[in-house]
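This structure is in structure tokens; I'll ask about it shortly.
By letter and in written order, the chains are A, B, C and D; residue numbering begins at 1 in each of them.
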Amino acid sequence: MINEILQAIIFPGVLFTIAMGFLFDWLDRKTAARMQGRIGPKITGPSGILQPLADFLKLLFKEEIIPSHADRVIFLFAPALYFLAPLLSMLFIPIIGPTPLAGFEFDLLAILFLLAYAAFVVTILSYSSASSFTTIATGRLVLQYVSYEIPLVLAIITAALYSRSLSVEGIVASQSTLWNILVMPFAFGVYIIALMAELEKPPFDIPSAKTEIVAGWLTEFSGRALSFLKLTKEVGYVFGSALAVSLFLGGGLGPEVAAVPPPVLYFVYFMVKLLLVGFLIFVLKTALARIKIGQATELFWKILTPVSLAQIAFVLVLIQGGVLVAT
Amino acid sequence: MPRRRAGAAIPEMFRTMLEKPSTRAYPYQKVELPARFRGKLDIDPERCTGCQVCAMVCPAGVITMIDIGTRKVGDKELPVKRPVFELSTCIFCGECVDNCAFKALEMTKQFELATPHKEDLTMRKALTK
Amino acid sequence: MTEDKPPRKEESAGLMKYSAENLVPFGPIHPALKEPEYFKLVLEGEKIVEVIPRIGYVHRGLEKAAESRPWVQNMYMFERTCGICSFVHSLTYGQAVEGLTIYEIPRRAKFIRTIIAELERIHSHLLWVGLMGHWAGFETLFMWVWRDREVVLDLVEAISGNRIHKSMNAFCGVRRDMPEGMEDRIVERMKFLVDRANYYKGIVDTEETMLERTEDIGRVSAETAEKLCAVGPMARYVGLRRDIRLNDPYAAYDEVPFDIVTSKEGDVHALLKLRLDEMIVAANMVSYAVKHLPEGPIRIKIPPVIPAGEHSSHSEAPRGEIFYYVKSSGGRTPDRVKSRQPTMANLPTALEILKGQTIADVPVVLTAIDPCFGCMDRMSFLDIESNRQWTWSGEELRRYGINYYFPERMKMR
Amino acid sequence: MLERLATWSRKRSPWVFHINASSCNGCDIELVASLTPLYDIERFGAILVPSPRHADVLIVTGTVNAQTKDRLRRVYEQVPEPKHVIALGACAAAGGVFKGCYNVGQGVQDVIPVDMFIPGCPPRPEAIMYGVLKLLGEVK
């Protein structure tokens, strides 16, 4: 019992997830900087690896200003609610073995619910601060959410359909011979693009576009609330990539090495794939300019939704035809 | 018309990533300044005669002349003046240096002038003599 | 003073017919604009119906101050009208004053002026291309362009001693000669910049997301642009062949071969390419001028008193035409200096383009004119509350300003 | 212990909000240049933030004129504690070449308290970096 509680709190539970969030933020900033010909964070810890931690702590110790016209209750508590979403979802991902910490038979549905929940919380959060910039940002948030949600869910459903399971554990287990990405490369692509939209990474940083609407929905937040909102985004980054690894890249599965104990091996494979997915997003994010909200909606509805539907049809044909059925 | 594609910058991005970053290691390494760099103003008190030309030409009103005594010319008592520089407002144009007939002024290469107290930037060097 | 209550400023600006929800402030302190300037956007959803500018945040009262300062000091003050096109301001002011004197400017000085002005154009255009990347959310382009821009700044610093405010101009000449042995270095750096400009042209031509942000955005017809008095690149991108360097050569532009670039497309994408092309032309001009630099003196010293008369001068800044008018009554200070800046001329066009765009286009379109509000905010004294007219001396105006705005202000200089 | 942690994090993560109080752009572009690859102030954790509520350090450029005076004060009040103000350039420090124009004041410190002056017209990016680092050295 104590072991499990420790697992949930430290490794591979909450603290590990937060640490990974910091790591991803650092890698993100560092790779972007290197690709732009800069060094990026350097003096905070070795190569600046503690930079996200310093940012987080500094914001924690800062004064928190609540705008007079804001809805106090939501403004104070919603960041915590928002923070829960990716943190809870992370418990459904198997990291150090084929069984996740809190998996159950239909946990994929829970993940989908938590995704929608996060979008909902962030919308009321944004609306609660009631300034003209956050109002525009709220509109953009909602519009972006309804745009990316359909392709995102369709991509997830594709994996679930093919693996004939609604639990992350089951989907990972079904990929022991063949990774899903080889069957459904387009679903993976759609998932990554939709994920970038969910994380508000360029080119989809529309709701927090710096040069258009100040800091978007983050404009009015300061101090502790801001630190948690930023942390949530980073943890969401980790969770999104981890889900991609589990759904399409076979989780921690990989060739066995005799000398290494299976949990360690599983963890190493998982981390390597996680960082690869993260790196893919870093590169895309650095290479693209921000698009407009109308263009984003068009991209998701007119291009990516048909693509993911075609992918589902293709997978269904495969299943009906009995070719390449997952184990 | 060239082909449109998303991510046209990716090859160059990877090339840049593998190169050495172009950042100059400034605080750890001294800056190489060109010979003509116009930094902090400096005065040689020995050479200054208090002729006031610098105070007259300065566009930013950096220089004020202060009486430090008198001297006798013939049978008249004339005030002896020396400049005081308010460097916080200096625009580093070098007009005073160009106009100083006695070569008392020069622009050094010092540019690290940040200070929490504005008073630190008042240069009274010429008065000390 | 009339008996009626004067209309509130918002009413007089025609703002009252819009409800508060539709009004979104853009500025004065906004991350997209590095300078404080205020635009009220009237929105329907994301679409812009009307833009109401409110200018004057960078007003410092230069023209009035010029009347109480000696001629040479004004040169340095006008140079600091704007940090990006600083040289061309002092050049134009200098030319206007030189027109009042009888002296001939040495040929070498003219060439050096051309070199510095073109280096400044390269730096300004690169700055704008980089910032356009920043406004469109393409940080990588911004970082790369600004990295390459440092090449120009290093050259400028080596020639003049400062990266931004060169302080190179003097009346009838330049203050510093070209340093020895710089020729090869300049030519080689210019070649590098031409290569980079060609690469960036490729990027803005092929990168899908960048094209989506810039293509078909900010379209304006040649007639409208002409009617609204667009100048500089804003005139050239719709196909008008307008360039003071060509139409009315000053400095050494009649001796350095070049051709201006125009475009027919008339959108922001065309502007991006036009500015990069202009940069290439400027780089070639610098190379030519450096190779063909004539020998001779660089400066004639002139007395501090300028003969009476009036004269005007104009020149092509990176953003368009700059115009200076000076009037002298033969004293140590000018009687009147008037300057008109390209941003002021281009702003009506930008506001016209903005109508009908979405709010996401605001930074891209508004800054497409390469705004320089520091240049723009000139003396514009208008008392709408009482129709009184009177004349003030500079000293009185200063007193009034201090009393009005800084009642607690201690003594000024 | 907690105090030391707070000081450490504050020294390592100065988020900068930039206000142009009627500057000529020279200082502004040099400030932006200090973010770019050749100078890269992000090495020391400094980034430019878009909203004053996120900021720790307020960098003010330009002669504070009548129009921007109130706005400067308002933005200053929006920055959460602890906050620091840097006056960048000759104009922000004392009015620079515009000292004596009828519309401008004599620097930022008449409007809001200033912790660090960086003179120069405009200061080099290195000088800006030196000023920011010197300010961080004094952060308690």
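Convention: contacts are C-beta pairs under 8 Å (C-beta built on N, C-alpha and C of every residue); 3 or more make two chains touch, one makes a residue touch a chain.
Everything numeric in this text was worked out from a predicted model, so none of it was measured.
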Ordered by label, the neighbours common to subunit C and subunit D are A, B
Taking the mean of all protein CA atoms as the centre, name the chain whose own CA mean is closest to it.
D
What is the distance, in whole Å, between the centres of subunit A and subunit D, each centre taken as the mean of its C-alpha atoms?
35
How many angstrom lie between the centres of subunit A and subunit C, each centre taken as the mean Cα position?
45
Subunit A and subunit B: spacing of chain centres that average the CA atoms, whole Å:
52
CA centroid of subunit B to CA centroid of subunit C, Å:
26
Among subunit C residues, those touching two or more other chains are 31, 76-77, 80, 140-141, 143-144, 147, 162, 165, 207, 209, 413
Got the subunit D residues that touch at least 2 other chains?
36-38, 40, 43, 50, 96-97, 99-100, 121, 124
For subunit B, residues contacting two or more additional chains
6-9, 13, 16, 21-23, 59-61, 91-93
By the document's touch definition, which label belongs to this structure's chain graph: line, ring, star, complete, or other?
complete
Using the touch definition from the top, list the residues of subunit B that touch subunit C in their complex.
2-9, 12-13, 16, 22, 34-38, 57-61, 91-95, 98, 107
Subunit A - residues contacting subunit B, complex
31, 33-39, 283-284, 286-288
How about subunit A: which of its residues touch subunit C in the complex?
32, 35-38, 132-133, 135-136, 139, 202-203, 205-206, 209-214, 286-295
Considering only the defined contacts, which subunit D positions touch subunit C in the complex?
18-30, 32-33, 36-38, 48, 50, 52, 62-63, 65-69, 71, 75, 96-106, 110, 121-122, 124
Could you please specify the touching residues of subunit C with respect to subunit B in the complex?
69-70, 72-77, 80, 140-141, 144, 147, 154, 157-162, 165, 167, 175-176, 179, 199, 202-203, 205-209, 211, 413
